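What follows is a pair of complexes built around chain A, which joins chain B in one and chain C in the other.
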Partner chain A sequence: MTAEVNTRGSLRTRLALILTGGAAGLAVILFVVVRALSAQIAQQGQDNVLSASMSSILDSALVRDGRVSLDFPYSSLSMLTTDADDRVFYAIYEGEVLLSGYDDLTVPQGVTPDRSRFTTVAYKGEPVRLATGVRRLIGADGQRTVSVTIGQTQDALSNTLNAISRNVALLGIGFFVLATGLAVWAASFTSGQLRRLTTSVTRRGPQDLSPVSKPVPSEMVPLVGSLNTLMSRLDHTLTQSEDFIAEAAHRIRTPLATVRSHAEATLQRVDHAENRQALLSMVRAIDESSRAAGQLLDHAMVTFRAENLEKGEVDLEEVLRELVQRMSPIADMKDITLDLVAQDASVLHGDAILLQNAFRNLIDNALKYAPAETAVMIRVDGRKVTVCDGGPGFAMDEIHLLSGRFVRGKDTGHKVGSGLGLTIVQAVTTAHGGTMTLSNRPEGGACATVQF
Partner chain B sequence: MHLSRVNLVEEAMKYLLVEDNPELANAVSSRLRLDGHSVDHARKIEDARAFVAAAEYDMILLDIMLPDGDGRTFLKHHRAANNDTPVIVLTARSQVSDRISMLDLGADDYVTKPFDHAELEARCRAVLRRKTGSAQSVKTLGEVEFDAVGGHLRVKGQPVELRNRELRLLELLINAPGQVFSKQKLVDRLFSYDDDVSENAIEVYIGRLRKHLEGSDVQIKTLRGLGYRLDHDG
Partner chain C sequence: MRYCAILAAVIWAGLATAQGWEDRQVFGTGDAPLRVLSSTDTSFFRPIIEDFIATSPEVSVEYLVTGTADLDVLFRADPTAYDVVISSAMDLQLKLANDGFAAQLADVDHPDWAEWHDSLFAFTTEPAAIVINRAALGDLPVPRTRQDLIELMRAHPATFDGRVGTYDVRQSGLGYLFATQDARASETYWRLIEVMGRMDARLYCCSGAMIDDLIAGDLVVAYNVLGSYAEGRSETEAALTVILPSEFPTTMMRTALVSRQASDRPVAEAFLRHILALQATGDATRFPLPPLAAGDGPVIGLNPALMTYLDKMKRDTFIGEWEDAIVQDD
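And now, the complex of A and B:
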């Protein structure tokens, strides 16, 4: 009865994807931000050194004999030495006149004495960081402007930056892997709660409609709440329809019983053949209808339970012994003996109510068709139950049809029956993974064998 | 009425019928009375309790759906009070599980409505035999001693084995010695309605009973065209 469920995505996958995606985004942002920050800090470092070098050169500028002279110490340039052997370029101008250095070094304009300038330019095919400072010198002949531009390639800087990037990338990947693991775990844990609830609902027997009482996380409370409401409504409806069926059966069967009892009592007093025939037909019709109703309900119950067996340990011998005891008053009425022979009877894992119903149908049939003063043999042999009677046996040409619904043998005469008995046996047997075989005994009589 | 009420006060069983449908109760009790039993009829659980408190019964026939409650409640109290009067439930349900629960509650047996009176009788007999054994219901006629519940027959002190139909036939005859039973009557009582039997089938059983009674002072007489009669040469 599993209905097709419309599925869209999986909560677990979705949750895992969102968390992993988030972690990936965060890892990328982490990488970008840390890299940018470290690039900025590294640049700051280079700028500071460049600025110091530039200032020390500017500081050494003085006007002597009407000329600008710069006598800067070696350390002014050596402080720029790096592990990567970065090259250093410089250009010193007095006004527009190059005093010393590379004339093709682009000097940025608009630099004032109180504000030096840092730019990055491409020089000789390489990015070069430039620091430019200006100083005004007051001489005897007036004011002169000296500008110093000092540049350095960025090999060391990019080496440092690459090293930092590598480390940050490793950190990012590590973070991502850890976060993904956490995401998968969180998703599994969350869906595990759902699965546990599902299992506890699925494991129930068909009759169990009690509310879910196991503790659940607060987010699942609304779901469990509505599940419980649904179940209590279902329980209510089922109880109501069970009550209805019981009430209906009572309302119908009680008057039928009244009519039958009266008809039977009248039969005792009436001698006229025609009247007797009418009364007999009446009694038979009542039996027919009540039996059909009973068998239909039994069949419905078997069909319902067959999909959801309420399994337990069923001792085949015990079930049959009980049935024999229960049915022997009816057998006695026809002087039929019910012989039960049990040999290593198995304990079956099955639905006791269904099995009992099936065996009752088999014995019922045997009693119905067996002639008076014969024996009905009931054999339990391991997991095999055989019921044989001393009646006329099955008609061989229709033996394969008899387990069909409402099919009755041709020579059943006046016997009251619904044609559902063997259908019920067949359904119960199949539900228990067994087979039913009908045959005739060589010495006469019908045999029904059920093998589990 | 052809079958007059039989005068068998000492053997009659005392039934309590708990059934709310007056028509059915009427039909069942008149049938039981016809067989010589006495019947008290309670329409609800309350009445049934009063009856049980006031008198001893041999058998209680209990309907399940009663106006003032469930017959099973009565059954539970009945058993809890250690009252071991046999109870046969008359149920309108046919669900197996329901039947099982009734047996668990202490019913001795059950019949499903509408029921065959012969089946009810057979079940009563089986329950009584199981519960009380026999002894208390022995009927003596001349050299014949008959215990209908236990199913024992002694002819001149010698035990005789009886089959169920022979037993029921003898019971009918011995409960009303001297009364004529038509073949039709006897067939009605001995065979169920879906047995296709002719009236002559009864002759077999009469023949067997005659054989059992041979040599005693009790005989079955054939009255041509009328039926049979049990006579005691006393």
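And now, the complex of A and C:
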């Protein structure tokens, strides 16, 4: 049923992508920023300890007997104890002369007494953070410059950073998962509103053109408003045209009856064979038109009522028996017998007038095509009604077209018919949730089966 | 570097010929023995090595004993020549590890306070003791603290003159460690050393020699002797009394490391792990040294502060003061 629609992209996918992409971006930014900040803080911590250690060594410097000596306390190095057992290196210089410590440690140059310097170098195959401070001592023979560089590996620091990174990564992943969940929820909630509207429109019956009455989000109001307007216009147009057809049919039928009675009266007075023949043709044409008009009216009625079924208990056998009784005179005129066989006939919950109309059309069709001296079989079996005749049967190549409007079989010859009979049957059956099938009997003759 | 290598080779060649090992023994019959450089008497390590060889018979062990200070010089001169280094001088050992001579061992199940940087592992706790020859002391009361000892020596100089002994901290790494830790803990140390100096103290390279002289009666009292050695001997020599000074004990941990340039790292690591495992059993016949004990008072901590007194200036200052106190010949 779905008509071809041009599709480009999906609102839901786009919405979900934008939101999850944003969340991923934010999570990465969160991770990078927090890690950078904590790296800075952790490095600051290490620098503080190194600075304290360096200062305590530098503070112990004094000139004794003309020589610079540093008798630094045990705590200077013990404060550098870490969980990760970081290695410690130091170098103490007086000017350019190494007083003690590691002579191959790269000491930064140009450090002034008022400002200590922090650098990271590679030493003995590991990154080492160095703190360097300088102090000027005044001895008897003038000014001496002492510099202390103390270094520490960064195992504890990187352990701390790894732990922080792990936690921040977990936080970022958690944030992302949560945001993704929210994004998916938001996307499906939004598209759910659209889907609900679609469902409510799709589920409607073919004739239901009433406006959408369920509340919709404000963003969808213009769409739903337009849809409602479109449907009400459509509904209006349809009603108008059906009214027009019914009105037209009605208007035609009455004058036709007058014309027919005049034609029959004239036929009584005319003797000339040619004229009689012309008048007979005229009566036939009038009958055909009148019948068509009647069926158009019926069809309009069926269409109208199918939307608003007036349901009641309908005994299939009773309806058919009444119809058979009413149509027996016509059948007798053509020397056709109507046989009704009922077996476990059901009581149907449906519109009696419509059902009667449908069955009458079926029997009418059978009577029209059945040759004289045959029987029309009407069989009721539970919720199934079959009408079969002894006529030529349906042409198999057009059997599927026959229920269309104004479609008539090719070999109907001079029979009067509008092509609406089976259309009406089909409409009624569908309105009652049943199916109509047409077939031919193996021994000859057409069968129409209606299964409710 | 070439100069260093040549120098090392020269030193090594000189040491190899001139080096009088205190002891040198080979266990097992393998071609390329595991070279263990140690300051611990062979008698203590024989059961440990034999136990190790029993688990891996294809391995042989060459056990080389020398003093703690010598050991440090030897190993630094040629770190490729030795696979495992065992010493009681914690400070020298820690500096070796800090300077990158020790290999890091993965997944060693060992208490955190008894290891450093996954490369230096302590496996004993041994206190420094005052050891007295009971007979030579005569009727005098047995001192319980350093202060007691100071007063006793001051009161009875005749008994103690020339008959007190302690480590020569200039020769012995362990002696230096004990001395610096004592000095860090209390001023009593300096007074004690000063009094010992006045008693014309005899200076020793090692605990073993001090105990020998105690047994021979040449010494009445020896200060800062390794408790474990003294206990081992006092069981046989009834004359010796081992006193752990009650005011503040100085307790060191014997440590071992695997050389980063060991010729056969896996075997060296296996040997070290074997020592640690034996230590943990607490079986005195398989592991004759006192095992790690956390509860018996403070132990010298394994941390970078141990390098403080190894600083050249600090060492010069300390040795200077120590000499002033104890060497009073001139």
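Keep in mind that, in the parts below, the second predicted complex is superposed on the first by the 270 of 452 C-alpha atoms of A that agree within 3 Å, B and C clash if a C-alpha of one lies under 4 Å from a C-alpha of the other, contacts with A are read in each partner's own complex, and residues count from 1 in each chain.
Criterion: contacts are C-beta pairs under 8 Å (C-beta built on N, C-alpha and C of every residue); 3 or more make two chains touch, one makes a residue touch a chain.
In this text the structure is predicted, and so the values were computed from the model without any measurement.
Taking chain A as the reference, the larger set of touched residues comes from B, when chain B and chain C are compared. Judged by the touch definition given at the top, the superposed model places A:Ser69 against chain C, while chain B stays out of reach.
Once the two complexes are overlaid on the shared chain, A:Ile92 sits against chain C while remaining clear of chain B.
When the shared chain is aligned, chain C comes close enough to touch A:Ser100, but chain B does not. Contacts of A:Gln356 after superposition on the shared chain: chain B is touched, whereas chain C is not. In the superposed model, A:Leu11 lies in contact with neither chain B nor chain C. When the two structures are aligned on the shared chain, A:Pro329 is found in touch with chain B, with no touch to chain C. Against chain A, in their complex, chain B makes its touches with residues 1-3, 21, 23-24, 27-28, 30-31, 34, 64-65, 90, 92-97, 100, 109, 112-119, 122-123, 125-126, 163-165, 182, 184-185, 188-189, 192-196.
Of all residues in chain A, only 246-247, 249-250, 252-262, 264-265, 267-269, 271, 276, 280, 283-284, 286-287, 290, 293-294, 297-298, 301, 326, 328-330, 332-335, 353, 356-357, 360, 368, 372-373, 413-416 touch chain B in the complex they form. Here chain C touches chain A in the complex through residues 97-100, 115-118, 184, 301, 303-305, 307-308, 311-314, 317, going by the rule given at the top. Contact residues of chain A toward chain C in the complex are 69-78, 80-81, 84-89, 92, 99-101, 124-125.
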